[in-house]
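These are the structures in question, set out in turn.
There are two complexes below, and they share subunit A, which is joined by subunit B in the first and by subunit C in the second.
What follows is the complex of A and B.
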């Protein structure tokens, strides 16, 4: 009997080759050492998917995993983690989404769903409370994301069914296909939608009516209300709540941290046409929240008139405004929103999609690509008529879209002719909307992230806009002023390591990084420890919790290491060190990550030559078995 | 006293449902919440729906065993032990704000949490508020 409350205490194991669905008990030791969510997925991936497994083969595992705080009353507890080997990078892969699916899965009685094998024909997994069955999805195959969700809801006669679906991009194994979560939020990165497509799994559909039992309801209620009170009192809460992530477009543009024209610049002269104010005045309809979130950073938008009249969408994020805006020199907001919606329907990660397009546009500019290569499509900066034609071609792997569907790294290898120097990726992952020339910690975060270029593993928000109060509260006055200065390198290795460990815990609990933990920065280690105790009944000191974060992050690095990653891969594209930023506060800046990286390895207790966790470090984290495998 | 709701302020976050269930059931359990968010679609608009504590409640009038009685201190109508599970109150309530617990075989509804309703205490936008 699983001893902890807060969890459902069971997970589903699905063999798609055999068509078998089984219930497994949640291992208490796994919960104590890895919590759930991200940690649960990392451990299972380490144990079951070795270096010889191709990410798109039946042997890869696809793990949907909630955590102990998912579906509780903590602020923003609606997140679900998806873990698999990534077909984009060939290393550890994960993606995370809010919405309502994670809590619904727990109401149905399951903490996680783990899928392996490959179905002979398209199927979807139907979960209704304690019952889980594979059902024929032949009629769903080929449908868009929202079309799939609507059809499942129609079949079930229940508009409250929560889904995770792939669109055509996932079916056609686009290497950066995302998984759409009810149906306009995305577990977008790492191409996990292609893993789902390779298994011929069109969707998960979940309906649950049961309870999530809480060990100490009074304590959890009191703590959650106190945290919510702190969030609402935070001076930047109104801005975060009113605008969500688009609210930082103008700030980042002024910093020179808003990637423009495939990272040639860090600021866009027409950013005010695609910023929060432009978006709000043009298309805002209403605020909508994920499960249990007081911030409600999501919005419903609708284009009122013009060629894209009545296009409605949700979850318009900073990253998409960058990737389908500044980075391709597009200032047509309506066309940007239409492209965003199209990506959601096709099941494409907007970040990687935008980066593949900006890469191709720069190659066109440099005359490395011509009309023969593109099948007659001119790739002029900002030409949205071409972008809107390209998106379905990518999702269906048609013509030139077939090359773009491979991601920036593979594109550069295939094209050759010097394309490599414009390929903006780390470890095969397209770089999201930050620039290390303007914010040192983000440059370091891009290279130390275990899933390739990423801002959300370390998520250094403290020095993003310079919040001395948050910096002082979390880390103490000794770290100021450098810690909160975007261009300082001192203490940034420390900030990145702490963020990675804390982030691994947050992604393992089912909490959100956007509302209170990193953005707003009110909820920190002691709060999460207390919430886990009140929810589960498990003892959870800050020391134990930090160890769990370190354990998870080190294990992800070890997973990358057995896939051939060494410190030689911990580097940024040469543009960031060779070409001074021309814009904003970052004008004239380049970035040298080497000193920060050395400091980072030292703080992590990693071997500075190989960039791997040392056997001693792994021993202290209870990962002796992993050390034996890595250092044999 | 009764709860007033404001559709324009509601974001559909379900915090009210969750705190309500936690208070009454010791669990997060939307199908046992006394307050429910109603919506035509995932995109809203969202309408919090909860007992109005009517002056002359149809649920109490419909009850064949007079199980629905006023709790004077809380200012709420509450379902007593006498409930026989006939569900006449569910049919009678024009607001669909009283529910049936099939396991216990009893009706359940908002009791204003002994005067400190958790939904109002936890709503971050003021979409649910207690008024005298």
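What follows is the complex of A and C.
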């Protein structure tokens, strides 16, 4: 009998080769040591998918995993984690999505779904409360993301079915294909849509009607109310709620932190044409929110007229405005939104897609690529007619699109001729919309992220422009002023480590990083500990919780380590250290991550030569078995 | 004796643009004015909703306001930061993310 409430207490095991679906009990030890979500996935991946497994082979595991707070009355508890070995990077991979699928899975009575093998023909997994079956998806194969969801809903006669689907990009094994989650949100990064495609799994479809039982409902309601009050009283709540992540476009542009023209610059002269104000006045329709979220940072947009008239979409994010905007020198907002919608339908991660295109555009500029290479497509900066033609070619791996479908690192290796000096990735992952020359902690975060270049693992928000009140409240006055200064390096290793550990916990609970834990820095370790106690009945001190965060993050690093990652891979592309930023607050700045990295290894208790957790460190985290495997 | 004036420009973003209804404005202020003077002037012009975005309840400039002075982020005391003819201020709510 699973002893904790808040969890469903069981998960689904699916062998796609054999067509078998089985219920498995949730191991209480796993819940105590890894919580759920991200931690659950990390441990299963470590135990079951070794270095000899190709990410696109049947032996890779694809893990959809909720956490104990997912679907509860906590603020913004609609998040779900997807974990697998990444076909883009060949190392640990995960992606996280908001929306409604995670809570629905819990209402159906499952904490997670774990899939392995490869189906002989396209299938989808249908979960209706306690019943789970594999169903034929031959008719769905080839459909777009929204087309797939609509068809499943039509077949079920139920408009409230929640889904995770892949589009053509996932089917065609594009290495950065994402998974689209109800409603129009994405578990975008790391190419996990390609893992789904390799298994011939078109979709998960879930309908659940059951309750989530709470250990101490009164305590949880009081806590939730208090947190909601704190969120609403936060002075920047109105701005975050009004515009969501697009709200930072112009601010980051002024900081010189808005990657432009494949990271040549950190500021775009036409940023105001693609910023939140432009988006709002051009296309805003209404606010929407993920499950149980008071922030409602999500919006529905619709282009009112012109060549893309009536194109409607939601979840337009800062990252996409950067990747399909400034980074390719595009200031045509309508075309940008149309490209965003197309990526969603094809099932492409907008960040990696945009970066592959900006990389190709720079190579065109440098005359490393020509018309023979591109199949007759001129790759001029900002030419959205070409971009809109390229997107389906990438998703279907047609012509030049087949090369772009491989991601920046493989593109640079295939093209050669000096292309690698313009390849903006870390460990094979395309760099998202930050520039370490303008914010030191982000440069470090891109390097230490366990899934390759990423801002969301550490998510250092406190020093983006400097938030002294939040910095003081969260970390204490001793760390100020440097901690909140974007160009300072002091204390940044500490900030990144704390963010990574806290983020690992948040991603293991089912809470959102945009809704109070990082963007509105209101909810912190003690609040999450209290919420876990009230929800599950598990006793959870801050010390224990921090240990869990560390355990998860260290295990991810160990997973990368057994896949050959060492200290030598912890580096930024040359551009950041060799070319001073020409724009904004960062003008004249380069970044040297070395001192911060040294400090980071020291704080983590990692071997500074190899960049791996030491056996002693792993022992203290209860990972003796992992140490024995890594250091044998 | 007429007071010498300096003309400065203020650019609004995000909620500040919504509250003022403009993206940019020119403002004539007495020579020797500071960033604080400019914020007080626009606060008088646009009313208490904007005032709440610019100032803390104790009357000091809000720490959740991000100010760029001639393209450079400033965290200096707004009361000590003098403005000259042609200066530009950009004002943002201090949001983060992404």
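FYI, the second predicted complex is superposed on the first by the 631 of 632 C-alpha atoms of A that agree within 3 Å, B and C clash if a C-alpha of one lies under 4 Å from a C-alpha of the other, contacts with A are read in each partner's own complex, and residues count from 1 in each chain.
Please note the rule applied: a residue touches a chain if its C-beta (ideal position, glycine included) is under 8 Å from a C-beta of that chain, and two chains touch if they have at least 3 such contacts.
Computed from a prediction, not measured in an experiment: that's the story for all the values here.
Enquirer: Output check: A:247 vs subunit B and subunit C. Expected answer is one of first, second, both, neither. What do you get?
Expert: In the superposition, A:247 touches subunit C alone.
Enquirer: Please work out whether A:455 is in contact with subunit B alone, subunit C alone, both, or neither, and reply first, second, both or neither.
Expert: second
Enquirer: Contacts for A:605 in the overlay, against subunit B (first) and subunit C (second): which applies, first, second, both or neither?
Expert: Neither partner.
Enquirer: Classify the contacts of A:585 with the two partner chains as first (subunit B alone), second (subunit C alone), both, or neither.
Expert: The second partner, subunit C, only.
Enquirer: Looking at the overlay, does A:225 come into contact with subunit B only (first), subunit C only (second), both, or neither?
Expert: first
Enquirer: Classify the contacts of A:382 with the two partner chains as first (subunit B alone), second (subunit C alone), both, or neither.
Expert: In the superposition, A:382 contacts neither subunit B nor subunit C.
Enquirer: Now for A:319: first (subunit B), second (subunit C), both, or neither, which partner does it touch?
Expert: Only subunit C; A:319 stays clear of subunit B.
Enquirer: Hey, what residues of subunit A end up touching subunit B and subunit C alike?
Expert: none
Enquirer: Where on subunit A does subunit C make contact in their complex?
Expert: That would be residues 235-236, 238-240, 242-243, 245, 247-248, 250-252, 254-255, 272, 275-277, 317-319, 433-434, 455, 461-462, 464-469, 486, 514, 518-519, 584-585 of subunit A.
Enquirer: Please name which positions on subunit C make contact with subunit A in the complex.
Expert: Answer in residue numbers: 13-15, 17-18, 23, 53, 62-64, 66, 68, 71-73, 75, 90, 92-98.
Enquirer: List the residues on subunit B that touch subunit A in their complex, please.
Expert: Residues 11-15, 18-19, 21-23, 25-32, 41-46, 118, 121-122, 124-125.
Enquirer: Inside the complex, what are the residues of subunit A that reach subunit B?
Expert: Where subunit A meets subunit B, its residues are 71-73, 103, 107, 159, 182, 209-214, 217, 220-221, 224-225, 228, 232, 285-294, 296, 300, 312, 314.
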